[in-house]
Each structure stands twice: as C-alpha cells, then as structure tokens.
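Structure record follows, encoded as structure tokens.
Should a chain be cited, it is by its letter among A, B, C, D and E, assigned in written order, with residues numbered from 1 in that chain.
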Amino acid sequence: MKKLNAFFIAAALAAMLVAPQFLKNYGVYLLSYWLIFIIATMGLNLTVGYAGQKSLGHAAFLGIGAYTMALVLKAGFSFWLGLPLAAVLCFAVGLVLGFPALRVQTIYLAFATLGFNTAIWLVMRNEEWLTGGTFGINNVARPSLFGLSLEGNRPYYYLVLAIAVVLALALGGLLRSPWGKAFTALRDNPIRAESLGISVRGYTLLSFAIGAAYAGVAGGLFASLVQFIEPAPFTVAASIMMYLMVVVGGPGYFWGPVLGAAVGVVLPEWLRDVPGVSDWYLPMFGAAVVLLMVWLPDGLLSIPDRIRARRESREASRARAAMAQKVGVVQ
Amino acid sequence: MILNNLSFKAKRGRITLLLGPNGAGKSTVLKTMFGLLKVRQGAIRLDGQDITGASARDLLVKHGVAFVPQGRNLFGQLTAFENLELGGITLGMKTTRERIPEVLEFFPRVKERMHSAAASLSGGEQKQLEVGRALLLRPKVILIDEPSIGLSPIVVQDVFKLLRRLADGGTTVLMVEQNVKSALRMADEAIALESGRLVLHKRADELLADPNIERLFLGGAHAAAAATA
Amino acid sequence: MTDFLQLFFSGLATGAIYALAALGFTLLWQASGTINFAQGEFVMLPAFAMLAFMSFGAPLAVSFVLTIAVAVGVLGWAFKRGLVDPLLKYGMMPIVVATIGLSIAMRNGVRAAYSAEAQPFPSLFPDKLFNVAGVTITMGDLGTFVLAVAIVLATQAFLVKTVTGRAMQAVAQNTESASVLGINVPRMVFYTFAINAALAVAAALLVTPTYLAKFDMGESLGSKAFFAAIIGGFNNSRGALVGGLIVGVAENLAAAYISPAYKDAVALVIFMVVILFKPQGLLGKKEERKV
Amino acid sequence: QNTIQVANIQELSGTGATAGTNFRNGVELAIKEINASGGILGKKIESAISDTQSNPGVAKAMAAKAVDNGVIAVFGPGFSGSMIVSMAETRRGETPNFTGAEATAITAQGNPFVFRTSFSQVNAMPKLARYVAANLKAKTIAVIFVNNDFGKGGRDAFMKSAEANGIKIVADISTEPGQVDWSAPVLKAKQSNPDAVFVYTNEEESARALRELRKQGWTKPILGETVLPSQKVIELAGESANGILAHVGLTVDAPIPSMRAFRAKFEKEYKYIPDHNGIKGYTSVYMFKAGVEKAGKLDRIAIAKALHGLTIPVAKEPGVLMDVTIDDKGDLDRESFIVEVKNGKQEVKEILPALGKKQ
Amino acid sequence: MSTPVLRVTDLRKSYGAIQAVGGVSFEVRPGEIFGVIGPNGSGKTTLFNCMLGQITPDAGRIELNGDDVTKLGPLELNRRGVGRTFQTLQVFGKMTVRENLIVAAQEHQGTMWSRMFAPGDSGLGPKADALIDQFRIRHVADKKAGTLSYGQQKLVDIGMAFMSDPDLVLLDEPCAGVNPSLVSGLSSLLKDLNRTRRGSFVVIEHNMDFVMDLCHRIMVMVEGKVMAIGTPAEIRANKQVLDAYLGN
C-alpha cells in the first residue's frame, strides 16, 4: 500500500514536471491556476478538514496575500519579500480570526468567518488609496530568481510547482506528527480534547493561522500569475467555492485538495470544450458537483476507503461463516 | 456482520434477559428487531406474524412494540414534558396528556424537572424519562436496552419491579442488562450472546441457582458456554 | 424626522422581503437540520416559472397555484429524494456543498436556457402611493410587509402549535429518537421540504416585482436572507422576521447617515456582534448542556 | 486556412452576464450575416465563444487560449478589469482585440492591438456635461453611482467634466451592485437639493432608482448616460422612466435607417431588443471586416495597422451602422445623441457631432 | 498529616431555582479512593464538572495539592495531573481506539515545538497496547471508536483517563454498561494503580458492590448536599443513606 502510494506520487510529480512541454500558454496557465488553488485549499483542508473549524472566509486570506504581493511589488520591493510577507501577514490575521472560533463553533463559526470575508472585501473595494478600489492594481510583475526571469508562463509554472511541493511536504510532516492527531481530536470532540490537556485554544488558533498562511502564499502567487488584482476574486462566493473544493476532494484527506481543486478549476474548463455543452458548461459543473456529493459524500478520496471497507466486511463475514460452522449453535 | 445465525424465542408475559460481554451484539439484536437495522438473513415473527423488515413506526403502531435504546435518545432542547408528549405522538394528544401523570408517578425526580430542557437533566433523570416515555405507550412488547445504566439502586429496583408487573399483566419484555444478578432475580428466562452468537438459553432461576454463576459471569460468557455445554 | 421615518418604513418593506427569504433557512434548519445554499435560487426559479405560465396566458393567480404545485414536486419532493435523503446522515458538509452545486446549476441553467436579461414581474398590488405625515409608502411595500409578516407568523405557529409541526422539529433534532417514537420520519422530512418550496413560491411572488426576475437574483437575496436568519436566530422562525427587519432598516439608516460605501458593513457589524455575544441569534434558543 | 478564426470572449455568467450576452449576440449576428454574404476576402468567419465568468483570472486564460489557437481577432471581454489582463495576452499574440470596456486605462497604455467599440467614459461624459450646462442651465447636480469599476469610472469622468462646465456636484452617493432599497440614496440626493440628479448604475438598479425617485416625488431632471434611458430600463421601470434626459453613444432608437434595420434583425434572431452592448458587438465585427479588407490579407499586424486612423462610412460598410473613425490609439469617434424618454420611448433631441468634426 | 490531594470547600452551583450543588465540602487524601454516591440528580456530576473547570461554580473553593484551582479550566487541570471520564460517552468517534488512547497522553510528552517533529504515536504505542489488552478490546483496537458498542466506548473513555499517568482521576460512573467481568477487572486495575503509584481516585458510581469493595471512604450526596462521609461499613450502616439511596 505504502509502495503503491509512493509510486503514484512519483508518477504524478513526473507528469506535472513534463506536462508544460506538451501544453501551450493556456494549458500552462491553467495548471498554474490549479496549483495555486491546491496550495490555498491545502490550508483550508487543515482548518476545515482536519481541525473541523467551519471556515467560510478563506478567500479573504487569498486576497490579503494577493494585495500584499501587489503592493510590495508596486512599492518597488522584491517578490521574494512579498511572498513571505504575505504568509506572515495572513498567519497573523488568521490568528486573530481564530479568536471567534474560540467562542463559537460549527455553523456559527461559518457565519462569523463569512462576515470577516465580507469585511475584508469591503475594505479592498472601498479603500481606493491603498488597494485601487474597484479598478484594482494592474501590472503586477512576475519575479526572477538568481537572475533568471520567471516572467514566462512556463518558468512561472515551475516556480509555483516547486512552492506547492515544498508546502505539501511541510503540511504532510505536520499532519503526521502528534499535531495532526491533536487537530483531529479537536474536530471530533473538543470537550474531551480539552480534558486531555490538548489546548483547544492553541490548536484552533494555529489551525486557522497555518491555513491562512497557505492561502496567503497562494494569494501572492495568484497576483503574479494573473498580473492584475481587484476585489472580485476574493468575495464570499470565492470562499464558498474553496470550501466546495475541499469537501468534494475529501475533507481530512491529505490529497483531497489536489482533486478538489481540479474539480473546481480544471473541470469547468474541460466542460467548456465538451461538444454540445458550450453555454451549459456551468450548469453541468453544478450538476456534477451535486452528483459527486450524492455519490461520494465524504469526497473523492473516500473511494479507496470504501473499497477497503467493502473488502474487509466481505472477509470478516467469510471468516465468521467458517467459524459458525465449526462451533455450531448451542440451543 | 455483527449477528450470526441467531434464533431464540421470547414468550408472552415473560421477561427474557439478553446477556453477554460488551460488544457481543445485544444492542444490535434489539435494534434489528425494532426495524432500525436491516436484516441480512432470517426472520422475526411476532405472534406468528412475520414482521421482518417492518418499519419502526409500523411495529409501534400496528404491533404495539416499544423500544428504549441504550444511548441518549431524548430531544435535548425540548423540556421533559414535551419529550413525553412526543412519546405519545402516535396515540394522539388527548390520550397522551391523560397518561403522562400516571407515568410521572413512577418517576418523582422527573416530575420535579418536568419543565427543564431534557439535556439539562442528570444522566439518571434522563434515563428515567426515556423509560417513562416508552411506558406511556402501554406496549404489548417492550424492548429495553440496559435500563439500569445511570440509575441509582433504589430506582433500579423500582424499574425492575415495574417491568415485572407489566410482564405479569401480559406484556412481553426483552431486556438487555449488565446488572446481571439483580436482573436475573426478576427475569423468567436468560439468553447469553457472545460475538453475535447464542451461547446459552436457560430459565433465570436455574441460572441464578447455578453454583457456578459467579464464575460464569465474572469469567465471561465463554466460560458460561463451556460450563453448560 | 420625516426623512428618518421614510428610511425606516422603506427599510421595513425591504426587511420583510429578506425575512420571507430567511424563513426558508430557519424552516429547513429547524425541521431538518440542513442549510440550503440554493435558497435564493429556490425563489428565483418559481419567479421564472410564474413568468412562463403567464406567457401562456394564465393569470397571475393561476400561475401562482400551478407554480406551487410544480415547486412542491421539484423543489420539495425531488430535492429531498435526490439530494437530502442520501446526504443527511453524512452531516452538514456534503449537503451544504451539494446545495452550492445546485445553486450554480440552477442559476446558470436559467441563464443559458432563458436569458441573462432581467424581466419585469407584475405586482400583486396596485401601483398606488400613500402619503402619511410626509412619508411616502407604496401599496406594494405595505402589502409585501403585511403578507410577509403573516406568512412568517403562520409558519412559526404551525411548527410550534401543531402535532405535525412538533414532529417535524423532533425529526430535525434527533432522527433516530424520532423513529423510535414512531414518528414517520420520511414523511415529516417531506413536509418540511414541501412547505419550504411553497414558501419559496410565495416569496417569489412578493419579492420579484422589486427584485426583477433575473437569473442571479437569488444570489444577493440569498446572502441577505442568510444574514437576517443568523441575526434573528436560525432556530426560530420569528427570528427570521426580526433579523430581516433589522437588516433592512439598518442598511437604510447606515446608507443615509453613516457611509453608503460601507452600508453592508453595518449589517455585518450587527451580525458579528450577534454571533460573538449571542451566537444562537437574538431570538434563538441556547444550545444544550454538553457534559 | 479556409476560415477566419476569431474568439468571442465575453462575460456570460456572473455579474457582467447581461452586457456580455448582448455583446456576444451582436458579434454572432454580424458573423452570421457576413458569412451569408460570402465572408471576408471570400473566407467564412468561425468564432469560438467563451465565458470569462466576469473574472479577470479566467479572462486571461481565455485570451491565452485564443492566442494559442492562433485566432485572427478577439472580441471582448467587456469588463475593464478583465480586459486589462486579457489584452496583455492578445498583445503578446499580436492579435487585434475589440472591446466594449470603457475604462480610460485600456487605450492609455499604447497597446497597438486594442480597439474600442464605443466611447470611453472620458469621451462621453463631457458631451453630457456640456449639454446640461448649456441647455438645462443646471448649476448643481447630485451624482448616484454604482460602486464598481464601471460606475466609479463614469462618476470620476462625469465629475471632472461637470466641474469643467461650471456645475457643482452637491452629493456624491455610492450604491451597491444589486441594491434593492433605493430610499436612502434618493433621499440623500433630495436633501442636497440639486437642480438635477445624475444616475449611473446598471440596468436593474437604474430601474429601481427611477421608481424610488418617482415615489419620493422627484420632479427635477434625471440625467443619465447610455444605460439609464436604455430599452431594458424603460421596460423595467415603466412610467417612472419618463423624463430621463441622457447622452447616448449608441441606441437602437436612433432615427437612422441602418440602426432600425439592425434592431429588427436582432430582435428577430434573439427575441428581445438589444441594448448598446448588442450594437457594440455587432459593429465591432464590421469594423474588423473593414480592417481586413483594407489590409487586403489575413495578417494580424497588418489588420491592426490598417484599423488605426481608419474612417468607415456607413455608405461603404453599412454594418457599422454609423460613420466611425478609429484613431491611432484605438479609441473611436462617431456621432452621438441626446435623448429624452417620453411615453416609454427614447426620443432623440439632438444629434451631437463626432468629436473630431467639431474641433 | 500531609496536604490533601483535593480539597473542596463549600462549593455551590445553581441553575435558576435548581440548586444542583449546595455547599459541598470534602477532602481526598493522597492515595485514597474516594467514592461519591447519591440518588439521581443529587448533583454528583455537577460537582465533578465544577471541580474540573468544565463549568464555573457560583461559590466555593477547590484546592489541588494545596493550590487554589477554583478558576482553572479543564486544560490547566489536566496539565496538573488530573484525569477524568465522562458520564455521557466522550470519545473521538472518528479515530481508532488506539489513536484515542495515544492522543490522550501525547500532550504530556515534550513541548508543543518538539511535538511538531515527534513520531506520530509520540512513543506511546506500547502503553496504549497494554491498556487495550487489559480491557480486552484488542479485536476492535483499529476500529473507529464511534462504531463500538456502548460498553466498549466506555472502556475507551476510561482508558484515556489513565494514559497520561495522572495523580488524581475522577471517574463518573465507570461501571455503567460495562460487563461484570470487566467491572471486576476495572476494580483490580484501580486498586493496582492505587497501590503501585499511590494514585488517588474519586469515583461516582451506582454499582454498590463495586463502590463498597473499592473505596476507602464514601461521600453520600442528596439534593446537592453532603449527607454523610465515611468508610463503606459506616455508610452501609447509615439508616438515612439506606432510605435515601440504597433501598433494602
């Protein structure tokens, strides 16, 4: 099983590495877009999927990251300052947003984060002196590394890929450590967790902050990818979309965001080109999401679990049947 | 698969006790009989009538079967009184209101807390409320899963006495208990399960008189099977 | 002062609209423990259905009745069977996401199949203006307000006072206990969704003359209603009314006296304060003891 | 290659859907006509429609895709934000790009491949302001605008030209896209007691604003630009629309035979009356056609070059509906109208000459 | 005499008109097994929840090893070596039994920072396995705790309370729903821990055989007040207690 997994990962990574050679600008751009949403939803998956905090405000962090990057670049500083700054800023704001989560839980927390998102969006739209308001910020540059320009779509894609891989490794490590269990405990039963010395406060705040930092990095990369930002991609609707990606992929599954972001980003693009769909690609996308949920309520990545469960129950019943024959029934 | 090739009879007007270690499948038996879980194979009959696969509602309304599950099964935000009212939802509001005071007589503790939210009651109070809610229906058959959990000794005795009285009045009682000794004292028959299989079916007084009883139950049902086989 | 009153009364009329849409949220929450992110689209679709019936020459009243019948079937029964039944036991996340998908499908489906243009919608009320103490009120505002309040109160009474209503709530709180008590769970859940569908049609009838029939009308309506429901209390239908009115009035006053650009922020501030200090909403019931 | 590949990239879903759909339909109608009458240089046009979801990130992707596919021209998108990012792609692909977007920044960057299909707000607003100052003698105006890039851009441009014409802005009122309750903005406008109110919002909001103005007993002039007196707003607002006075760059109600004919064709094809975006889409294809024909070959750079400084008279190319001149930045110039809404219909009060002619 | 492990002085908690706990005082000595019995609704669980910081008492004082801990929350108390079980089942339903046990003690290993890089089971695997065997739940060790039977979940809950080797454990009806054979096992486990580690326990229980056999001293609560404190023999002989609680 472990070997199979490693093989899959290696194959996927290899595919991601060579893919741009076979794609034109659009394809490469789309892949970068997808990777950026993988990074963002990896963070959200930590908050929602692992720690069980219902957050509907993730797009706000994406936005904060994007604006940080744009403003840093506009001010003449480097991309390489912008990216960590975006992460740190989002980490800090994430910590602050975590505080409501200490007071309210479940849907009420979802409401609170949704309100937070709207507030951030209002600031982005109305504070024209800072954010350019509805006109947005144009000509956001792409970086260069060791004198190598990453301006082109391909080089930039490789940068995004590298960052995504590094962040995935970091998250994987974190989740495998006792922290991962603590987050899950928090999700399952915070009252019990608290009485076992698991700091609900600490882990809740951290789950928000780390999740937010991922979104911040994603936002920074996003700004440079599109090279123009305005408030629209950071609305509550965008948060809801990211939430959708996490749940469709499989909340609490490490690779969930990869599939979820594919559903959210790549699927609609693919549907555009399906013959006969054209104008109906969005309704089809919506319907696909509904069907996916009905079919796999625990997300796409629950498929292996399902197969395993089925196999196990088959084996168990076979074993019992054999046993029953041997023992017989006492009357 | 949790239950395996299990057959037994519970007789009318008798208290049949379902015993066994944790995870033996006792609760599963009751849930399955009450139509909450699907039967993979086999049949459940009531008075000779096949009720396999009947819905909980049909069992309750048509066949007079009531069920008191093991876990928490109250509507936490409603008051104790409202919970009782809902308990009689299949009887109609008028009958229910008439019967509630009778039931409350048995459980003075609940009566005092009648207008508190069910979730704010203590564990034992909640259990009493649940038992009371089922008695309201005056069922012909009552399936009851570990009524003694959380009840103080006096109340356990009271509940057992009450069940005895119901049985003597013709009600069929099928009860799961871990409070083995006191339960055996009031029951008519006992069945023991182990890993979803039936390992013993005896008269309660016989089992109680068995000099090995201590060892039987302290040593687990495996020993019981061995002893009786 | 007249200005203030003008704003206040206009706000009440708008708030009543929000309340009506918010009612759907509270109803589904109370009676099935779900949140329907397609609630706005559940209002949008009947609006177009009524327009369609009218385009075949049916009068408004007939279209309304026909649409209710269709909605109970499609938005009630089919929604329950196709989406809620298979997902309810998996908790809230899958349902929420499925309804998000549904809203995307409905919104864009109407756009692709019908049109992206806004369509006018006939008002139930004559186009008449009143002038009371310097405050102008339209017949439509007044009628909408009165009907919306009546509908909300009637729904609340139904849930609390009738046996069926109580059984519906019981199902939402604890499905397993409800079935143990012999409550017909599937039927109660169906009632919930049927009523929700019918309410959505009523909301469409009252709301669309102002909102105009447009494929994305559900989006803003849905989010305002959502805020309203939270402020009032998700588990109380009267809360929807209170929440709706508060949002409607507060927005207006904020736009006039504070900052129009931040008018949405005012509803938001109220919303945040309510969530943090009384998360169950102004009229909502407190959650239960946990240990 | 036997066909001319073009991309029709528009806001077909999301907030820009109404405008985008109109523009798309206009483009498609023109293509259909051109193909029916033999195409351009004997070749048929084939268009690939794509939806930006009103999202710049997606618009950029769509433009990149179009360039990847080697299209000869791109039509759209119409959102200024989307256009700003997508035109970087078409510039990279050296592909002529026609847009309905109005923001000044689009042609200000010196991109040799962008072409407008209507006035920019900076060109349109002075015409309105001049007319208001001269004919209405209004001294003070309240401005109600929608707080998005369209509304904000129009407001900025209008305020500037109003002040240039000696008109004072006494109230500057922002509203939300999709706003339903208009009592507060209208009340604020009333309180500032201006000689006229200028309303610059999208269709539905305009209709609601008009109704609220009537409800609150507004009797002074209501000024607008293109959207406010549009057919859709009149349909939605009913009687409340009467009395609007507005500058209109393009209107299907213009007393011009070619425009009437277009309106009829469009309505036949799509079962509704187009707004100015429909005209923009339609005429842009004919502008493209004129460009290609002038260049004489299907060469993107040559086409773009040919279009700069080109004047296309209706006499030569009826599809442009009105004589139009494209300047060297890609901005265009043509006649426009001052209209008044009476009995639910636009009536042209005055035809304003093209800017170039006047000076 | 050494300081008591736990001293409760005049603790009070009311819910509106209902006085759940009305002035309770007692001490638990080091190495003592202290029983709390009383009729349903007499305030035992409420007392526990107050002592463990789950709810705030209206008045009174709680001392742990001489320190005032009245205002501390469950987290802080756990860090000071207090473990507990719950009357209503509280396990991590989506984690396996083994994970439940491991997570129950991991926060007592190393620092937050070091835990970030520690192995997934924090080195607690063997300890968890030992408990699993002791409770005879090996066959369900890798099942999700939420799918276990009532009694099995109860055992997991009890096991979690002991994973971090607490000095004081508060158990709320540990025997409820547990098979008699395991009840006696539990009894020996507690006695064992009490002897070897001098662990102190407070046990709420309705199973009199268990309480009388296990506890050194027993407190009887009625209507939120202390009716009697004494050795099992004294309690058994107390007429008042017999009437109020034990029956014949």
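The rule is simple: contacts are C-beta pairs under 8 Å (C-beta built on N, C-alpha and C of every residue); 3 or more make two chains touch, one makes a residue touch a chain.
Values in this document were obtained by computation on a predicted structure and should not be read as measured data.
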Any chain that touches subunit B and subunit A: C, E
Interchain contact steps from subunit B to subunit D (minimum; 1 if touching): 2
Taking each chain's C-alpha mean as its centre, the one farthest from subunit B: D
Remotest chain, subunit E as reference, centres from CA atoms: D
Which of B-E and B-C has more C-beta contact pairs: B-E
Inter-centroid spacing, subunit E versus subunit D (mean Cα positions, whole Å): 74
Computed distance of Cα centres, subunit D from subunit A, in Å: 39
Centroid spacing, where centroids are CA-atom means, of subunit A and subunit C in whole angstrom: 31
Residues of subunit D touching at least two other chains: 12-13, 15, 147
Interface hub residues of subunit B, defined as touching at least two other chains: 120
Per-residue multi-chain contacts in subunit E, two or more chains: 45, 54, 86-88, 90
Subunit A residues touching subunit C - in the complex, by the definition given at the top: 100, 103-104, 106-108, 111-112, 115-116, 118-119, 122, 125-126, 191, 236-237, 240-241, 243-244, 247-248, 251, 279-280, 282-290, 292-294, 297-298
List of subunit C residues in touch with subunit D within their complex: 3, 6-7, 10-11, 13-14, 17, 108, 111, 115-118, 120, 129, 136, 138, 210-212, 214-216, 219-220, 248, 251-253, 255-256, 260-261, 263-264
Residue ranges of subunit D in contact with subunit A within the complex: 12-13, 15, 49-51, 53-57, 60-61, 64-65, 67-68, 80-81, 84-85, 88-89, 103, 105, 147-149, 152-153
Residues of subunit A that touch subunit E when the two form their complex: 173-174, 176-182, 184-185, 187-189, 191-202
Of all residues in subunit B, those that touch subunit E in their complex: 20-27, 70-72, 109, 113, 116, 120-125, 127-128, 146, 148-157, 178-180, 217-220
